[in-house]
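Letters are used for the chains, namely A, B, C and D, taken in the order the chains are written, and counting of residues starts over at 1 for each.
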Amino acid sequence: MVEPLFTFPGLITGRTIGFLLVILIFVLAIYYMGQAKSPYIRRVPALDAIEDAVGRSTEMGKPVVCSFGCGGFEYWTIAGLSILGYVAKLCAETDTRLIVPTGGSSDSYIVREAAVDLVRNAYTVAGKSENFSEEDMPFLSGEQYAYTPGYVGILVRERPGTTIMTGSHWSEAMNIAEMSNAVGSITITAGCYTSNMAALACASDYVMLGEEQPAAGAYLSRDPSQLASIRVQDIYKFIAIGLMILGLIAINIGSDFIKRLISS
Amino acid sequence: MTKEEGFDLFRWMATYDKRWIYVILFIVVLYPLMRPVGMPITVSELTRDYYDQINSLKEGDIVFDSWNMEFSGYMELKPGVLATHRIFIEKGVKLCIAFGHFEGVAIPDVVFSELRSVMQEYDYRELDDYIILGYILPNEAAVAALAQDFHGVVRQDWKGNPIEGTFLDQITNAGDFAMINDYTTGLATTFEVRHMVLTYGTPMVVNCIGVSIPGALANLDAGLYTGLLASTRGGAELEYLIGAPGPGLKSMDAFTFGHYMLIIFIIIGNIGHYGWARRTRYRDRTGIR
Amino acid sequence: MVVEWFEYSVTLVGIFISFCMYTTLYGKENPLRSWAEFSYLAAGTGVSVTWAVWYIYTTAIVNIQAGDIILFASIILGLMMLFRVHPKYSYISRVPLAFTVGVQLALSLRTIIFTDFLVQINATIIKLWTGVPKDFLYQVTIAVSVISILTFFLYTLEVTGPLLMTSKLGEYLMYIGFGAIFAQTFMGRLGLFVGYMERLTTPVWKQPYTIASAIICLLAAVFFEKSGLGKKLSAG
Amino acid sequence: MATFFKSRSVQLSILGLFFLIVFVPYFINIPQLEWLTTKLMIIAAVTNAFTIAIAVYSQWKRSGRFIREKRRGWAYHIYLLLLMAFMVFNGIVLGQDSTGYQWLLQAVVTPLSSVIYGILAFYMASAGARAFRARSPHAALLLIAGFVVLLYQAPLTGAFFPGFEPAADYLTKTFGMSVSRMFSISVCIGAIVLGVRMLTGKEVAFLGFGEE
């Protein structure tokens, strides 16, 4: 490690820049969330894939299976819930049966309550509240490896036209994607860590890579806080790119200024 | 394919029942395990660096031995677990063992029964040389608290024996460990990086499953890890390096056949795809891409 | 070799129930798979409950008995958390939820900016030429890859001009990375399966039971499908 | 009393207060808070452990409904509840060294955990065989890189074709590692912004704030 560029009285050495960057995120996020006009966000290709797939299921008279992941309330789950809301709206409008597997981890119980409200609201808004059935949102245990055979069992029994798997999934993603393919279902997935994305890039008809999932969730929900999140992330990607380019130039001409700045 | 068309090899290559892959994978794995061939193996730079890190430990050094794996994860990391613990026992390193998953409770019996002979040889005993604390890493708050005030969180081992008066008296926070040795399928490893390595600077070596290798390489390159052993193959290379053949080297035949089987099936799939699917304008049923 | 009854019965049932679960690969419902699935769900939950109670006892009760009275708050907050599922009083669980999320959020936010952002950026800023051609190749590839892939994931602006070029380059480099990652992931999964098969074939006395279980379960899966009993006898 | 628990501002104050108590001392040296932050972490860790009871309750509720309504597979749910009760009784009352607990742990839990996790090798093999097509330039790059690393990983290859090791080493330690590093850099910002949304009350579904 290199010597910090500067120290700040009262602040623990080596953590100043990190502290300032987190504070800056707070400021930017609150600023963008408070803005009347939402930040611009481009439409991601995942949405066209979802619309095509639900339409195909409607034509075939087959159900749609859509899951929002096994995690608690975290980054990927909230994106998954936004996409679930959109799929529930499409299914309610087209009278297509929607099955939502829930559960999978000790944190998922609390998310399930929010998901049930979300889907019920979608059917109510579409004027089809009588079609909403909590039975089609089964809780498949709080254990990842009991949730997986439960989810696979649903695919084998129901043989859906489309399987949309978003939110945070771990190793069970491959079980589900392969079985979804085996029962002839269109498989749309979202990977939330690199190994999953690589494997799902093979196993799915369409895979949302990295932030495409939260970006799709933000685009659909038009929720200012989700839009602000994507905006702040883009800004910090530019900060990261800037630091790396300047740092590489500096260090290769003999100055470790950027490295020492980062280590302050 | 109606009878009139007759057998089309390309069509079969593109549409054969995938369950044949499952049957063949069972066979190519089970057969060499029962009739080992014993193929050569090369040792990678990654494994040598990992070995150098483990080998740098001295007698009496206290290692935080973090078993962040389900029992299934142990099936993949077994070679690395057995090989490194053999080194620890021979060097007289003290181990503070903690689990990151409740299935971890079933692993010590298996590990220490396999290493019974070397433990007897070096008189390596529970409570004197290693202490099992049990499933004490269930979430991030638990790891952070343990790192900051060790004895404020833990007062007894997994069987209820007090840890006062043992070698753990020398530990007040995570900075007092000579090293963190982590076997991981994910779980609490990220929390240990944040609250032990980053905050206290304790060096950390990791034996991770295949899925975690890309992320682990990034942490190794960034200096957060000081050593990385990659999945079953890394464990087999370590067995070879220390001259203690075990389940890792025994599995390498099946490993070779399993990889070559997948490669052959990929080639078959591509031939079938170009030889039949593309020729008959077989519309991909999704029409999305 | 005399094998004690406990180990013998545990191994036999373990091998058989394993191949009952492997019938999942056959792709059709059957009661063997349902039995294995429900057995795991029940026993797995039982073990996790046991360890949760053990963790609460050793981390809270033992420390309270040793004089750490403040930890009594964890028992109160924990019991309040259980109201989450109460139809009428679920709002009581909001206090422990707010508390645990507040602490957990602070723990991750105060460190993630270093481990996942600054330390990773710092590691990419490195002398490219150090006299070793291989290191030069590696460092240039890493720098170009990380920067160009970052530009592929920009959503709040139209990606045009030079940004479009780096974004396109980033996409291609990312798929090369995915190829390597897919292979590593397969190695890991294969290692898992091979490791378990090694356990089912060592020591040698297990091998006949393993082969027999495999054949029996495969035949059973085919039988349950052909006879149509599979759907009837398996779980809903 | 109910209004206290239901009040959104009270909940957000609790959230914000305990966030600051644990967040600030990491950056600003306040030794007086060190003891308190450790205790708060232990309390949070133990409180989280209670949520397992909600899992058991949800499972009992679901299985109970299957049994009451004699729905397909209800017998399995009886078996599930009985076995779960037996396991919990053995584990907690008789202790984890009891024969019943150890028997079920070694005969059911560890084998099936290994199978369910290990079954992924089959799914990856069939996914690779089915979908690893050079259908597009991206897919071709993914295929070639995957091939080289797969070949290297088979131990036999190293003995006959030593050239694969440096190629695979290059692919994994540069491209593979870069993809992972990139995702760390971008995802962590999303996680921090999510924290801001929670702290500012914009994301409170986890607190069950469907209604005020």
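We adopt the following convention: contacts are C-beta pairs under 8 Å (C-beta built on N, C-alpha and C of every residue); 3 or more make two chains touch, one makes a residue touch a chain.
Only a predicted model underlies this, so the values are computations on that prediction, with no experimental measurement involved.
Distance from chain B peaks, on a Cα-centroid basis, for A.
Sorting all chain pairs by how many C-beta pairs they have in contact places C-D at the top. Rounded to a whole number, the gap between the C-alpha centres of chain B and chain C is 13 angstrom. Between the Cα centres of chain B and chain D there is a gap of 17 Å. In whole angstrom, the spacing between the mean C-alpha positions of chain C and chain D is 6. Among all residues of chain B, those that touch two or more other chains are 18, 22, 25, 70, 72-73, 75, 103, 105, 138-139, 141-142, 144, 152-153, 199, 210-215, 218, 221-223, 233, 255, 258-259, 262, 289. Counting partner chains per residue, chain D shows two or more touched chains at residues 26-27, 39, 41-42, 44-45, 48-49, 51-52, 54-55, 58-59, 96, 105-106, 109-110, 112-122, 124-126, 128, 130, 132, 142-143, 147, 150, 153, 172-173, 176-177, 179-181, 184-187, 189, 191-192, 198, 206, 208.
For chain C, the set of residues that touch two or more other chains comprises 21, 24-25, 27, 40-41, 44-45, 47-48, 50, 52, 54-55, 59, 63, 68, 84-85, 97, 100-101, 103-104, 107-115, 117, 120-124, 142, 146, 150, 153, 174-175, 177-182, 184-190, 192-193, 195-196, 199, 235-236.
Because contacts link each chain to all the remaining chains, their graph is best described as complete.
On chain A, the positions that touch chain C within their shared complex are 15, 17-18, 21-22, 39-42, 44, 73, 106, 109-110, 141-143, 145-146, 149-150, 152-153, 156-157, 174, 179, 182-183, 194-195, 197-199, 201-202, 209-212, 215, 218, 227, 230-231, 234, 236-237, 240-241, 243-245, 247-248, 250-252, 258-259, 262-263. Of all residues in chain C, those touching chain A in their complex are 21, 24, 27-29, 33, 37, 40-41, 44-45, 48, 84-85, 97, 101, 109-110, 113-114, 117-118, 121-122, 124-129, 143, 146-147, 150-151, 153-159, 174-175, 177-179, 181-182, 184-185, 188-189, 235-236. On the side of chain A, the complex with chain B involves touching residues 1, 49, 52-53, 56, 145, 170-171, 182, 184, 186, 193-196, 205-206. Across the complex, chain D meets chain C through its residues 2, 5-6, 11-12, 14-23, 26-27, 39-59, 61, 66, 71-74, 76-77, 79-84, 86-88, 90-92, 96, 99, 101-122, 124-125, 128, 137-139, 141-150, 153, 168, 170-182, 184-189, 191-192, 195, 198-199, 206-209.
Residue ranges on chain D touching chain B, taken from their complex, read 26, 34, 37-39, 41-42, 44-45, 48-49, 96, 105-106, 109-110, 113-118, 121-122, 125-126, 128-130, 132-136, 143, 147, 150-151, 153-159, 162, 165, 169, 172-173, 176-177, 179-181, 184.
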